[in-house]
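Chains here go by letter, A, B, C and D, matching the order in which they are written, and residues are numbered from 1 within each.
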Amino acid sequence: MRLLYCGDVVGRSGRDVVLERMPEIRERLGIDFAVVNGENSASGFGITEKICAAFYETGTDCIVLGNHSFDQKDIVSYMETDKRLIRPANYPEGTPGRGAAVFKTRAGKTIMVIQVMGRVFMDPLEDPFAAVDRLLATGRLGQKYDFILVDIHGEATSEKMAMGHFCDGRVSAVVGSHSHVPTADAQILPGGTAYQTDAGMCGDYNSVIGMDKEEPIRRFTRKIPGGRFTPALGDATLCGIFVETDDATGLATRVAPVRLGGRLAECWPDV
Amino acid sequence: MRLLYCGDVVGRSGRDVVLERMPEIRERLGIDFAVVNGENSASGFGITEKICAAFYETGTDCIVLGNHSFDQKDIVSYMETDKRLIRPANYPEGTPGRGAAVFKTRAGKTIMVIQVMGRVFMDPLEDPFAAVDRLLATGRLGQKYDFILVDIHGEATSEKMAMGHFCDGRVSAVVGSHSHVPTADAQILPGGTAYQTDAGMCGDYNSVIGMDKEEPIRRFTRKIPGGRFTPALGDATLCGIFVETDDATGLATRVAPVRLGGRLAECWPDV
Amino acid sequence: MRLLYCGDVVGRSGRDVVLERMPEIRERLGIDFAVVNGENSASGFGITEKICAAFYETGTDCIVLGNHSFDQKDIVSYMETDKRLIRPANYPEGTPGRGAAVFKTRAGKTIMVIQVMGRVFMDPLEDPFAAVDRLLATGRLGQKYDFILVDIHGEATSEKMAMGHFCDGRVSAVVGSHSHVPTADAQILPGGTAYQTDAGMCGDYNSVIGMDKEEPIRRFTRKIPGGRFTPALGDATLCGIFVETDDATGLATRVAPVRLGGRLAECWPDV
Amino acid sequence: MRLLYCGDVVGRSGRDVVLERMPEIRERLGIDFAVVNGENSASGFGITEKICAAFYETGTDCIVLGNHSFDQKDIVSYMETDKRLIRPANYPEGTPGRGAAVFKTRAGKTIMVIQVMGRVFMDPLEDPFAAVDRLLATGRLGQKYDFILVDIHGEATSEKMAMGHFCDGRVSAVVGSHSHVPTADAQILPGGTAYQTDAGMCGDYNSVIGMDKEEPIRRFTRKIPGGRFTPALGDATLCGIFVETDDATGLATRVAPVRLGGRLAECWPDV
């Protein structure tokens, strides 16, 4: 089975590159299931129902979020109605929406997508490791599930690598998000789980993590609140991760970065 | 001019890969100047005089450090005597050692190496942006200096990207360190400065940021202090950045990752 | 019913003042139940079996801890055997020891002592508010319990005040610990719960939070690791909180600070 | 010489208690110089020119701020014109306003007021210890200055106590602010400097650090952004610190809390 994960989509230019290129990527790489991180797709802060619809229409099967899940006011009620939209599973009990979802692909495969949020240098949610354990107790990879994806939305590389090894052999892939910079450490861990510390953002890399650079630089140097953060508007790079699994075991046989457009070096997996 | 920067060397396996491969890399890529981040080279914590000597003997021209600069007791006095060893420039006034150094290459070129430490999610040092400004006031790129390298040792991708743009057009390259994971965002910024958010570590990637994975996973899941952190001992990957500059301007004409050995995909720049 | 809570005991001088003065305080104030925070009693870091025994012998009924609960190696196994020793309830499931305990006083009253740890500026444990809710679901104040004490061990005053109001009317008292400085905000909240943001430490106030001041000042100004933290050895001030409740409702009728010895102004509640 | 320092004034109810009671306090305690922390006086966030005027009219000689210094847009230009208004001295060079000011009292005494901001758990500014040292180099206590006041606006009790000892013998008083809870640790340090870790807020203590309690509790328990923070509107307690010095040396002879109104126990120094 072949999965594509696209990292945090930032603002209009990030949306544009994902909406335009998704059909081509699906076709060229023979993607069975595509996941997009949409937590920054609405002007950098959260997501709207309309943006969700646009992603679904162009080939996205599942949208994940992160610490910006609830930035847009109307999303709370919408989230209850959209079963393909996932926020971190380790929000407190009673939080609107869901932290994992199970899908059937067109080819009849069963995939569980899980998102958890890291706690190092971030808002303290519930234990992401315990949350993953509880969700993995619902069924085994290679038996109930043909593919299990864990998105660890976090700041610290240590916590993300620990999550990779914690899940190794039990899930198909652990991918990181939130840092808005793709990492070059794609590997299959010893137990058979595909891993990359961060997918990177789908956004303009002539920026500060996708935002127009002037205001962030001003805040770092002047320390006085001032203007607002707005997404950078230059051509975006789509940054994603391609994972291929063995149908019998659900474990990974390949993991490779995908990078298209914008300022970063183009990168297509050989298929 | 051609420069190689090798990311944080972690423990024995990290040292081994750097000491063994450095001569080959210098030869193959025609390196004029090689910088190594040694802040984790002594069992993961700091560096010793003996390790410095080993790096210098095998082709390293300059060693930079980071938040672990002073982990080894004897380094404080040694640091005063070694002008090729650099710790972050934004330590408080009166801190032993130096935060920048100027070198002459064999070909007679002048290079300034600067290290600063980020402050987001890290110990609060002095302003790294102001520190860079003060050091850049000592002379211009393309005039006094043929190459200026800025190493931003930091946690947050936002602060590192802000530093890149802050220096853009004024230095040859801004490279990040500290996260122990290489990023895949090498680019030449609009003003001509080479940039990569993090060089990654030279260490065993079957680990948690270079450390044997058992203890970090235990701490993330159990929250009780216990065993010690020790470097992972498997084959290390050397992770570096190659930068080539225009001799007239000192600005970058090329930036590309270097990855050799261990678990990550091998990567050589075309030269 | 009358309860005494003594804040974080730091090192030998902190132990001395508590062991010496406890009998006198119990007598003079007619204390029914005495709780001591022992998380820094063993040279500033954790507690030992021997120190627990000394507290119990001199009139302490219950010992609570905090983020330093597990600093001493042998405490993990001992904790399983001592039902009067409590560590924060919001450690992950499976953590040795207990986060709450129920006691019978000599007069036949039932008291539940709960400790939780804050998460703002601290290691991220499970949700302290949810943990308190679960424990309060075991029985009602004024019915099953004659007294319920909640110790919120935390850094941020906002989180501690929020916990006070969250529990208001449902417990007899919410007291804070961890900051090592007594606060002067003792009050009975609108719902009848006694509240004080921090009890303060039992330790030498000619110090930096109980530690000999030289090394902490050195670290704040020089930013290089160096010497060790050791408890200050001057005369300690016992800092505690006195709470009196209505026997019918379990709600507070009085809350007042207790301060004895050392450098701070002496303070005895009128009884 | 007798000085009064009033802690962070929060919103309308905080302003009311300070404006109403200041003349009475000055009279009763024979205050020579009154300082008010106004960083939360404008609806909890920053201060305005109009509020400054009201404080000055009712007996305030100097206003200090903190991390909320620049929350109100128009304050930046106003700050340049008001020499009695002080923001932390360790903002970066070039920040509008000033970090210290020298005043003549009606009786002809010279007083220097310094504010610095802590860096532990706060935005990283320049070194507050070095900033104090630079300002103290302008003249000696007991010679050029009859009184030197240092306000350390910070979160961590350790950093504030370290600042106290760092200044001990060189200034008349070190008072803390920012936590919005008064501490009960007023003392004269061994070298003769008056010290209290936090003055507490002038605000409604039936609140979460002065804010209406509903929204903060919701955020702690639900972790979803939602409503806005607004100041609590109940009767406020004025929380201040009274310091008396020896006219010959400028060192402290007395330090005592002042608490008036609202929910906390009233407290007047004996004079």
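Note that a residue touches a chain if its C-beta (ideal position, glycine included) is under 8 Å from a C-beta of that chain, and two chains touch if they have at least 3 such contacts.
Owing to the predicted nature of the structure, the values given are computational and were not obtained by experimental measurement.
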Subunit C and subunit B - chains in contact with each: A, D
Inter-copy rotation, subunit A to subunit B, in degrees (Cα atoms; steps of 5): 180
Centre distance in Å when subunit C and subunit D are each reduced to the mean of their C-alpha atoms: 29
Between subunit D and subunit B, distance of the C-alpha-averaged centres to the nearest whole Å: 43
Junction residues of subunit C, two or more chains touched: 92, 125, 127, 130, 221
Parts of subunit C lying in touch with subunit B, wherever the complex brings them together: 70-71, 76, 91-92, 94-96, 123, 125, 221-225
Of all residues in subunit B, those that touch subunit A in their complex: 121, 127, 129-130, 155-159, 161-162, 165-166, 179-187, 189-190, 197-198, 200, 205-209, 213, 216-217, 220-221, 239, 257, 259, 263-265, 267
Of subunit B, residues touching subunit D in the complex: 92-93, 119-120, 124-127, 130
